[in-house]
Amino acid sequence: MESKTGDFMSQIGVAIIGGTGMGAGELLRLLLSHENAEVVSVASRSSAGKPLVSAHPHLNGLYDLNFDEAVNWCLLADYSQRVIFSTLPHKVSSKVIAELHPKCVSENVKLIDFSGDFRIQNPDLHRKYYPEVDPEIALRRQFVFGLPEINRTKLREASFTANPGCLASAAILSLLPLVPHEIKQTIAVNAVTGSSGAGRELRATTHHPIRRSNMFAYSAMSHRHQGEILESLETCAGSKPEISFVTHSTPLSRGIYVTSYATLEKSVSKNAVCDWYQEFYKGHPFIRLVERAEVANVVGSNFCDISIYAEGSKVVACAALDNLIKGMSGQAIQNMNLMFGLTEEAGLRAGGLRAV
Amino acid sequence: MESKTGDFMSQIGVAIIGGTGMGAGELLRLLLSHENAEVVSVASRSSAGKPLVSAHPHLNGLYDLNFDEAVNWCLLADYSQRVIFSTLPHKVSSKVIAELHPKCVSENVKLIDFSGDFRIQNPDLHRKYYPEVDPEIALRRQFVFGLPEINRTKLREASFTANPGCLASAAILSLLPLVPHEIKQTIAVNAVTGSSGAGRELRATTHHPIRRSNMFAYSAMSHRHQGEILESLETCAGSKPEISFVTHSTPLSRGIYVTSYATLEKSVSKNAVCDWYQEFYKGHPFIRLVERAEVANVVGSNFCDISIYAEGSKVVACAALDNLIKGMSGQAIQNMNLMFGLTEEAGLRAGGLRAV
Amino acid sequence: MESKTGDFMSQIGVAIIGGTGMGAGELLRLLLSHENAEVVSVASRSSAGKPLVSAHPHLNGLYDLNFDEAVNWCLLADYSQRVIFSTLPHKVSSKVIAELHPKCVSENVKLIDFSGDFRIQNPDLHRKYYPEVDPEIALRRQFVFGLPEINRTKLREASFTANPGCLASAAILSLLPLVPHEIKQTIAVNAVTGSSGAGRELRATTHHPIRRSNMFAYSAMSHRHQGEILESLETCAGSKPEISFVTHSTPLSRGIYVTSYATLEKSVSKNAVCDWYQEFYKGHPFIRLVERAEVANVVGSNFCDISIYAEGSKVVACAALDNLIKGMSGQAIQNMNLMFGLTEEAGLRAGGLRAV
Amino acid sequence: MESKTGDFMSQIGVAIIGGTGMGAGELLRLLLSHENAEVVSVASRSSAGKPLVSAHPHLNGLYDLNFDEAVNWCLLADYSQRVIFSTLPHKVSSKVIAELHPKCVSENVKLIDFSGDFRIQNPDLHRKYYPEVDPEIALRRQFVFGLPEINRTKLREASFTANPGCLASAAILSLLPLVPHEIKQTIAVNAVTGSSGAGRELRATTHHPIRRSNMFAYSAMSHRHQGEILESLETCAGSKPEISFVTHSTPLSRGIYVTSYATLEKSVSKNAVCDWYQEFYKGHPFIRLVERAEVANVVGSNFCDISIYAEGSKVVACAALDNLIKGMSGQAIQNMNLMFGLTEEAGLRAGGLRAV
């Protein structure tokens, strides 16, 4: 692939670490339609030297790259603007990033991390949900939590961004406009996810003969994403909300559906709640408030669709998104856009596929 | 098909109304392995005269019957024990049953109704959820709510049984042992269902090209099944519980998964809650308490698998069942077994399919 | 939606007829990423006046149009280049087009038809497969069959294009490079398709509860697409090939997989056959010759992946494509690009989704 | 589980080797409804000592057994009739069976093998498709190929049965009545299978996120099952047929669909071909000749549904079956029934599930 424009000055040079995984594959796919970004180096220790297409056969003919052993800094250096996406799993990512960090700073290369290692600032929450990860607190503090609907302003200044978890994104977005209001009791947050959230690694729970017609809860009230959900909601609510968070597997590949159940101190009309959401998400291009949020309408897009129901003091908010896009690689590009002063939607204007 | 035994005296003669639907199809399929029941008449106004196999091609070679215009009482009369299953939709079923009732009483024919028309006894609840249905209250009072885990004793004496709703069955079973304990607040009941619950009728929401990768909430806090859930839980709890009930469609065909979120007045251990469930369901052959309830393990069977999670005062109970079996036709046979003094498991000993 | 560039002169103004269907929806989705085309009018008699989003909720926020009763020629007139896509079903489309044709000619508006009405030139073949359709032969002669891999040169001059059938596209592409070689006997062409090929209309065969785990043959040796397959192969082979064509439904939504079985007069190596295909498809950007054609690699893209197997004189060619894209709306855009002198790939550079 | 009847004399004692796999699981599930067979020992080296339910959670509450290290001969000895099912993979199974064989003979224990090791009698064919397997030819000769529609009479006398492959069963059954007629050329046999055919082992091709929307050919013209297909067809046709056999994966879990394309020397009517099939399969209880064979109608049952199409001299035969039942464990039970003089349908009277 040649430079899209031949003009290295106006383009963002992109390097990706962890290049064989699903997150990397989706990033590569999405960046094809980004006019201001060019992938120059895709690193994978296990596949170094092999063609990128060996891991991503759907991108055949679209990328003419081989996997690098590590980020190719020389190629990156051609670009005046540069970003590294680390799509490594947690624990691994923080180690690699700790090594890269000084060079990123000195070379003025921004970094977006897909792992959970840098998402939580509160030390107690971090320790509870990532006991085995310990990036220096000083390093963690340099990361902005990459949910643009909360941190858009900060992201415009950020050099290091911690991309949120897919389930966390949906859960937080379903509740953000609600939590500043007086909530009476524990919020039940029911999350359902497709299998692509589990990534490339083969597992018994993603074995097709059984997963095809299965549904089950996992990590009930113990899922790691609770940490970032709690921190985000607290920041927004100004108080500590209580949640009961259960995640489920369903036989989708892409797609997350979160249904959040809250009871307010007072009765409220559906219209009033909708107004809160309209107000909160005004100007956020990827949140659509709709009559009925459906996974099919967001699959393949960076949208998060939200619908609201209310009866008496009971409020239910549903959020649907594509876990590989708004829940991961699309959101990372949205963050990149903000970090480099581009339009937030750049490269992300695709609609959902609906029939798929 | 000849009589399984040639002995009309020991067999239950079965007639089915609404014979082309999915409930009837599943009943026919399940009754094939019931040693004490024989289907003698399957009525369908729209398909009268056509072979049963025209609507149920999977039963080709297993039934040699044509659809009757109405129940063939003459054939039924050959049997000393007799039952009619009405699988008609609500509103329609109560009208037909009102007409059949006197003859059922005089001929000593029992009846099991699949519709919602006779499930709720409380007049206010009934009016709220079935405003347009008005079977005489006196007639409704003759029906026992057919959830054996609540009404086993009554069902042994029953002549008329109102078979529960599929979502209601799962929701009630997930909560029955919990509600007698002190629950602090609204219980969130999150239900997810496959498409076969919608039956034979074609709808936009069950159009395969879109449903295949879709998930969405419907009837949020307004689903009819709430009526029977509330009545059942109240009977068992001795007080009126508050629930927030949202149903969802997912791309399964068979299978319901309910996740119920309760907060108790006091902290409780998972073991303690499991003990409540063990105790409550002791001797109920179709309830399995398991580490992880999964739809794949119950599809094709009459089991309802339940798993429990607890943290502090928060309790989550998950229930999985096959909506066409334990949620409908299997449960109807379980009820028939009780009503005729047979072993509760007769004809229902199949295991789940897991890989399907 | 404003003009993408504000410059009406450089843009193609697009109108769509039959706007509520799946073909129209996919066209609208794909055109979002086409820099040189702008949708100005979407006609639907049944939905005139309603927002476009009422039929295509996945495009919420991306189009701010209402359905027109008929093509809005005034808006089209603003553009120096104009095209109408008719996505109406066969029989209906030819009637509407017969009426539009004079105005298209006088106003210099090009037209691309999705129906089968104008695809076949041979009168006998046409009569055999579309007995009830009779667009004047003179009108039919003005249409070019829109498979760029055969007719690229003609399409560059075309004003009226008959977009090929989805199954036909896959079948023809699997066989084109092979048929000029000496084939001994009937070619078996086994086609398998997802449910979105059936479109928006509800049918028993696309009812999710049953289709979800079903597979079956339909229109065995009688499918309409045989006409255009035979005509295309004959044109290319220079002789009449014999085929045995059976189509099947499988529980995909998007995706067609064709496996063609030929026996040659002589033994041949896999390499030799691959060379024929490489040679034939050189310079055709949407044909990828791969080790293993897979539906997952083409879903969401305009690619047709082809793989070859050979043993002795037996050759098998497999072709995979997305029926809504390379099998329909993507191919229509590819045709539009050729008809207007644009790069063939314009707006069609997306990769497959793989995990979906 | 106690003895079903308490009467060891009238029951068949069953042992299973390879007990954690899908074939074993399905055997266990099906045997629950067999009145004359009782599972006494399930062997698995890897899981010895663990409860059977650890590998087969869907059978929870239905079997109260732990896995044995090896067949428990003592328990078997209680029964006057005894059978061992080996569900081990090929190569492994022949080794284990070579060791068991003398004891089986001396103790009069019958054996049914699920692997490919003993299916092919012709030494050249065997060597071609199983080059690495070499059970003594003398031992192989003691096995009857367990397709009851060919070998019913021999199976009634058999002590050792080689259960056919799933794809082979469907392919052979689609063609058996046709091959005695004059076939002009290579028969194309197109087979499509669900993922459960791959068994319990995790593979990239059965990873749910990708398999869910995928379809692809594999082992084109090189699949092992070709050996037994060729041998069976030759036996029946009296001459060597030529086939071109390609297998495909589709996102079903259960289900095989085979479409066979033949060209006869002369033209033939559909009715005539149907008569050949009717005649051939008369009295075979698990073959249903139907207007349209569909996977949904056979899933969960031991039926193989066949439909026929003809045009001129071209004939197409479609066969649908459940690969885990008529393609494996159900057929094994059918064989057991024949080997022990029981009704062929014993324990196998279930209908298909259709909606699943």
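Quick notes on this structure:
Chains: A, B, C and D, in written order; residue numbering restarts at 1 for each.
The rule we apply is simple: a residue touches a chain if its C-beta (ideal position, glycine included) is under 8 Å from a C-beta of that chain, and two chains touch if they have at least 3 such contacts.
All values reported here derive from a predicted model rather than from experimental measurement.
When the C-beta contacts at A-B and at A-C are tallied, the pair with the greater total is A-B. Looking across B-C, A-B or B-D, the interface that copies C-D in more than half of its residue contact pairs is found at A-B. Separating the centre of chain A from that of chain D, both taken as means of CA atoms, is a distance of 46 Å.
Taking each chain's centre as the mean of its C-alpha atoms, chain A lies 41 Å from chain B.
The centroid of the Cα atoms in chain A and the matching centroid in chain C are 35 Å apart.
In chain A, the residues that touch at least two other chains are 22, 196, 209-213, 251-254, 294, 296, 299, 353-356. On the chain A side of its complex with chain B, the touching residues are 184-186, 188, 190, 192, 209-218, 220-222, 244, 246, 248, 250-255, 257, 259, 261, 263, 292-296, 299, 307, 309, 311, 314, 316, 318, 320, 353-356. Contact residues of chain C toward chain A in the complex are 22, 25-26, 28-29, 32-33, 56-62, 196, 213, 253-254, 285, 288, 290, 294, 296-301, 303, 305, 324, 349-356. Residues 22, 194-196, 198, 200, 202-204, 206-213, 251-253, 356 of chain B are the ones that touch chain C when the two sit in their complex.
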